[in-house]
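As structure tokens, here come the structures.
One chain, subunit A, appears in both complexes that follow, with subunit B as partner in the first and subunit C in the second.
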Partner chain A sequence: MSALLSPRVLRGLLPPLSLAALLIAIFWLQPRTMSYFGLNLLLNLAVPIALATIAQMFILCVNELDLSIGGFVSLVACITATWLHDTPLLGIAALVGLIVAYALLGALIHIRNLPSIVVTLGMSFVWLGLAVLVLPTPGGKAPEYIRSLMTLKPSLVPFPIIASVVIAGVVHLFLMRSAVGTVLRGAGGNPRSLERAGWSLLKIKMSMFALAGFFGVLSGMALVGLTTSADANIALRYTLLSIAGVILGGGEFVGGRVSPIGAVIGAMTLALAGSFLSFLRLNPDWQIGAQGAILIVVLALRVLISRSEAKR
Partner chain B sequence: MKRLASLLKQPWLWAWGGALAVWLATAAYTQGQGSGQVLSAALTFGAFFVIVALGQMFVITLGPGNVDLSIPACMTLAGTVSMKAMEGSGAMLPIGLLLALAVGLVVGGVNYTLIRLLRIPPIIATLSSSFIFQSAAIWWNRGLRVKPPTALADFATAKVAGIPVIAIAVILLAACGHVLLTRTVYGRSVVAIGQNMRAAHLAGIKVERVRAATYMMCATLAGLCGFLLAGFSGGAALNMGEEYLLSSIAVVVIGGTSVAGGFANVPGLWGAALFLFLLVTMLNTMGAGAGLRMVLTGLIIIGVIVAASGGKRRT
Partner chain C sequence: MRTFTKAALLATVAAVAALPGQGAWADTSGKRIALSNNYAGNSWRQAMLRSWDKVTSQAVSDGVVAAADAFTTAENQVTEQAAQIQNLILQGYDAIVINAASPEGLNGAVQEACDAGVTVVSFDGIVTAECAWRIAVDFKQMGKDEVLYLADRLPEGGNLLEIRGLAGVFVDDEISAGIHEGVAETGKFEVVGSVHGNWAQDVAQKAVAGILPSLPEIVGVVTQGGDGYGAAQAIAASGRDMPIIVMGNRHDELTWWKEQKDANGYETMSVSIAPGVSTLAFWVAQQILDGADVPKDLTVPFLRIDQDNLEENLANTEPGGVANVEYSLGDAQGVIAGAM
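Our next item is the complex of A and B:
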């Protein structure tokens, strides 16, 4: 019994428990959400946020921080709603180019030993500017296949839940269970020893950034699939949401300690926080504030757990 | 010769050189027309950048992970609270100013408490608190735009011999900041903590006290900036702080302060602030659209950082 409730387990359980608590509160406030249709509506927008959070997680895993992911997802959304819809080949080329750009960004940060906060800050201007160039006024149209994928209605379990489980599962298997994933995480834990063991840190950083770019692209496409049209500012808040999501899910800022499953859960918690507030009939002015408050409460709980761990 | 060599090593040189180059390029493009006005506008807007960047610089100097992301929310909250309290009456001006500073002080206090109690990285602490402050500002403001007192608007837009008064005031403020950084125990403690927190602690520096003071000072300066900016732009708007999140960090770093902490300089702040504003003006004059302007701004910021850092990875 004591092993079951050890601080380590408790810390791991914290993200799912916070999500469950939030869900129960929502069900209690508005029982009609406890249905296929209700869950679908509640969790729809959590899918792109979860993908962006996974992208941020790859960056955090190698001890960097990406302040440009929101602008990047916006740009992807704009490209998806215009080029990918009108001229698919050009659209695909552009999206692949963006992933390559991310990998090169990782290389630049590593080779010149630059602070990632500042470089990605600059890149956020670049992505946003490109998004404005691609789509000066809100509009565009989502490609039909993305639209139909995002609005799938499988029987029994709503699509957002299936999508979240698949995303979390696939990334978990790759990053936490495979040999390659262990090496990639090692670059965050102890870069020097990895380098001495013969791995190229440059290649690792580039792969991690490319993976982040890949999930950023997925996030933008998923977002357009839901909203059907795009706008250059559509995903700017994802930058902060994604960082908060990783941390909520139990990730740390340094040391390569991240959790893909936790990150997806963290993203869903943040996405639900908004709905929770509106069901509470609380003043909509406090919507953003509530997300901050939830973040602080979860972090406070984590500190309490760590303290009890230290006491043993 | 030796002097020249040491001058070339100054970290703020890049920012000032960049600002000068951009200004000259703009002047050459317009054949000198209106370059005086451009400079005057740059001094005004640069002044607002420098106020927040000064606080951000001390915070960043504390070491890796120390960044205040709550600056925009703090500016907005201080702006709305003070404008609403004054309701356009000039007699209430001192109270409004005090309120704005008090809001900043409280914001800084909350930020530090979160960092200390929850033992979380400052980025996350200030990020989550900024959500709450932003909400508080929305709630307090209710979409109204209260006009600032005329005296405040006059001060924020006044000029002496073509030089904006606010720029002169902020140059003095920056000078104080320089003295604070280089000549006081507090300033040297901040730098020492940034270089090695443990060594600083063992050397007898009250690390936590210095950190608390730094976060409170940063937020108070943000409050001051929100107050002045609201006066300058005819009232507090909910998005008034938006661009200051990125700019405050960019100005500090382009100004030659190390992002890794432990190394700061004040003159670079003014150089970088002027550089950023003049850069946008130059792109505007040359007829670049909003999108192209942002792309080039971003690329040039990165370019400056790549050029200024020059440090190869240590192994």
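Our next item is the complex of A and C:
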């Protein structure tokens, strides 16, 4: 019994429990959501947020912070709705180019020892500017295959739930269970010992940033699949949502301590928190504050658990 | 037998008399309409929400619809509003009236709503999804109307000063295009100067004061609203004769016009979009739910103020605000009939 309720287990259970509590509250407030159709509408916009959160998680894992992911996802959305739709080859080349650009950013930050907050804050304006250049006025059209993937209606389980489980599962196996993943995480937790053991920190940082870019690209494509067309400002909210999602899911600002499954759960919790507050008919002026309050409550619970862990 | 006929006749008369008033309402008394709004941070949007509240709460208490709730997103972001619209579908609203954060970015959510059988009506910030209705503003016509009015007042024509809005915004381009189209069509005016007033009196005053010394005599000033009072101040300070300045329904503009009218019979006109357009969208949604045949694209009528109804409109405009009008069911039916 005591093993079951050990702080370690409790801390691991906190993200799924918060999500479950929120879901039950939503079901109670609005029974219509308790259906295939309802869950689909409730969660489909959480899929691109989850992908952006995974991207942010890779960056946080190597002890950096990405303030440009929102602008980056917006740019990807604009490219997806224009080039990838009209001239697929150019579109694919541009998206691959963006991932390479992300890897190069990682290299720049590592070699010049620059603070990632400053570099990515600057890049957020570059991404936004490029997005406006690609798509000066809102428009474009989602490629048919992305649209049909995102509006897939599999029998029994709604698509957003399947997508979330697949994303969380694949990243978990790669980062938490594979040998490569352990090395990548180690670069955030204890870079010095990793370097002594002969690994190249530069390569690790570049691959982590490239992975972040890859998931950022997936996020933008998923978003356009849902919205059908793009807007240069479409995903600016994702910067803060993704950071909050990682932290809510059990990640920490010190490198190496992240959880892919937690990050996906955190992203879904944040998306649901918005719906929950709107079902409550809360005045919009209070909604941002209330969203913050939900974050604080979950994080405060975590601090309490960690403290009881320290006492032992 | 005789009394029976009389009673039957009376009942028929009563039924016929009740038809135009309530016959159209009977079908929507159980329907719920939601307003999805992306931004509430300026006086126009605040007035828009107040008008919505005033007209719809009356409609709800009259039993026209069951509910008409307004929702504003916490942040002016496309993804927020898309999520909000999906939540409104889940809350079981029969119609959603949208002032959209983006004309394209919400189409996915709008499509979800249409697929779920929800009527979607967008206004002001419209959406392009084909299944939605649009109540758009013809800003181009608004600019053209200004020039046509001036052409009427000034048969000999002359030089015009144009005050534009915020550079790079679509509304500014549209109004300006309308003005230039009107100038080309009437053929008796020349736009000799153009400045950006950013729809703000202080900016307009500085900009006009800056360009005035380089201009020949001007007979008219075409504006975009929110800039007429500043232009008047700048021209008065320069000691020139006061040209005809087209106003934009703001309280300070109307007040200045009234002062001039009382002092020296100054004549002009004022035109803009009333924030109460949200109530027009409400009635259009109600009509669609009622089964009326409504074209997908409708146009908002302008709120135009002329010499004779200036006092009345000024009295109804609060200081710092903009002249407003709330639309009725009859107005909505008129707009729909006009678009058929």
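The working rule: the second predicted complex is superposed on the first by the 311 of 312 C-alpha atoms of A that agree within 3 Å, B and C clash if a C-alpha of one lies under 4 Å from a C-alpha of the other, contacts with A are read in each partner's own complex, and residues count from 1 in each chain.
In this section, a contact is a pair of C-beta atoms (placed from the backbone, for glycine too) under 8 Å apart; a residue touches a chain by one contact, two chains touch by 3 or more.
Source: prediction; values computed, not measured.
S.K.: Which chain makes contact with more of the residues of subunit A, subunit B or else subunit C?
M.R.: B
S.K.: Of the partners subunit B and subunit C, which touch A:I243 in the superposed model: first, second, both, neither?
M.R.: first
S.K.: Could you tell me if A:D231 is touching subunit B, subunit C, both of them or neither one (first, second, both, neither)?
M.R.: So A:D231 only meets subunit C here.
S.K.: Quick one: is A:L114 in contact with subunit B, with subunit C, with both, or with neither? Answer first, second, both or neither.
M.R.: First partner only, subunit B.
S.K.: May I ask you to decide whether A:I288 touches subunit B, subunit C, both, or neither, giving the answer as first, second, both or neither?
M.R.: Touch partners of A:I288: subunit B and subunit C.
S.K.: Which of the two partners, first being subunit B and second being subunit C, lies in contact with A:S278: first, second, both, or neither?
M.R.: Once the two structures are laid over each other on A, A:S278 reaches subunit C alone.
S.K.: Figure out whether A:G129 sits in contact with subunit B (first) or subunit C (second), or with both, or with neither.
M.R.: In the superposition, A:G129 touches subunit B alone.
S.K.: Shared contact residues on subunit A for subunit B and subunit C?
M.R.: The overlap between the subunit B and subunit C interfaces on subunit A comprises residues 285, 287-288, 291.
S.K.: In the complex of these two chains, what residues of subunit A are touching subunit C?
M.R.: Residues of subunit A touching subunit C: 30, 32-33, 37-38, 41-42, 44-45, 137-140, 223, 226-231, 233-238, 271, 274-275, 278-279, 281, 284-285, 287-288, 291.
S.K.: Looking at the complex, which residues from subunit C come into contact with subunit A?
M.R.: Checking each residue of subunit C against subunit A gives 40, 69, 71-75, 77-80, 82-84, 86-87, 89-92, 102-109, 111-112, 116, 128-129, 170.
S.K.: For a test of understanding, state which residues of subunit A touch subunit B in their complex under the given definition.
M.R.: Within the complex, subunit A touches subunit B at residues 65, 67, 108, 110-115, 117-119, 121-133, 136, 192, 195, 232, 240, 243-244, 247, 253, 283, 285-293, 295-296, 299-300, 302-303, 306.
S.K.: Under the definition above, what is the set of subunit B residues touching subunit A in their complex?
M.R.: Touch residues, subunit B against subunit A: 65, 67, 69, 114, 117-121, 123-124, 127-132, 134-136, 138-139, 246, 249-250, 253, 259-260, 289-299, 301-302, 305-306, 309-315.
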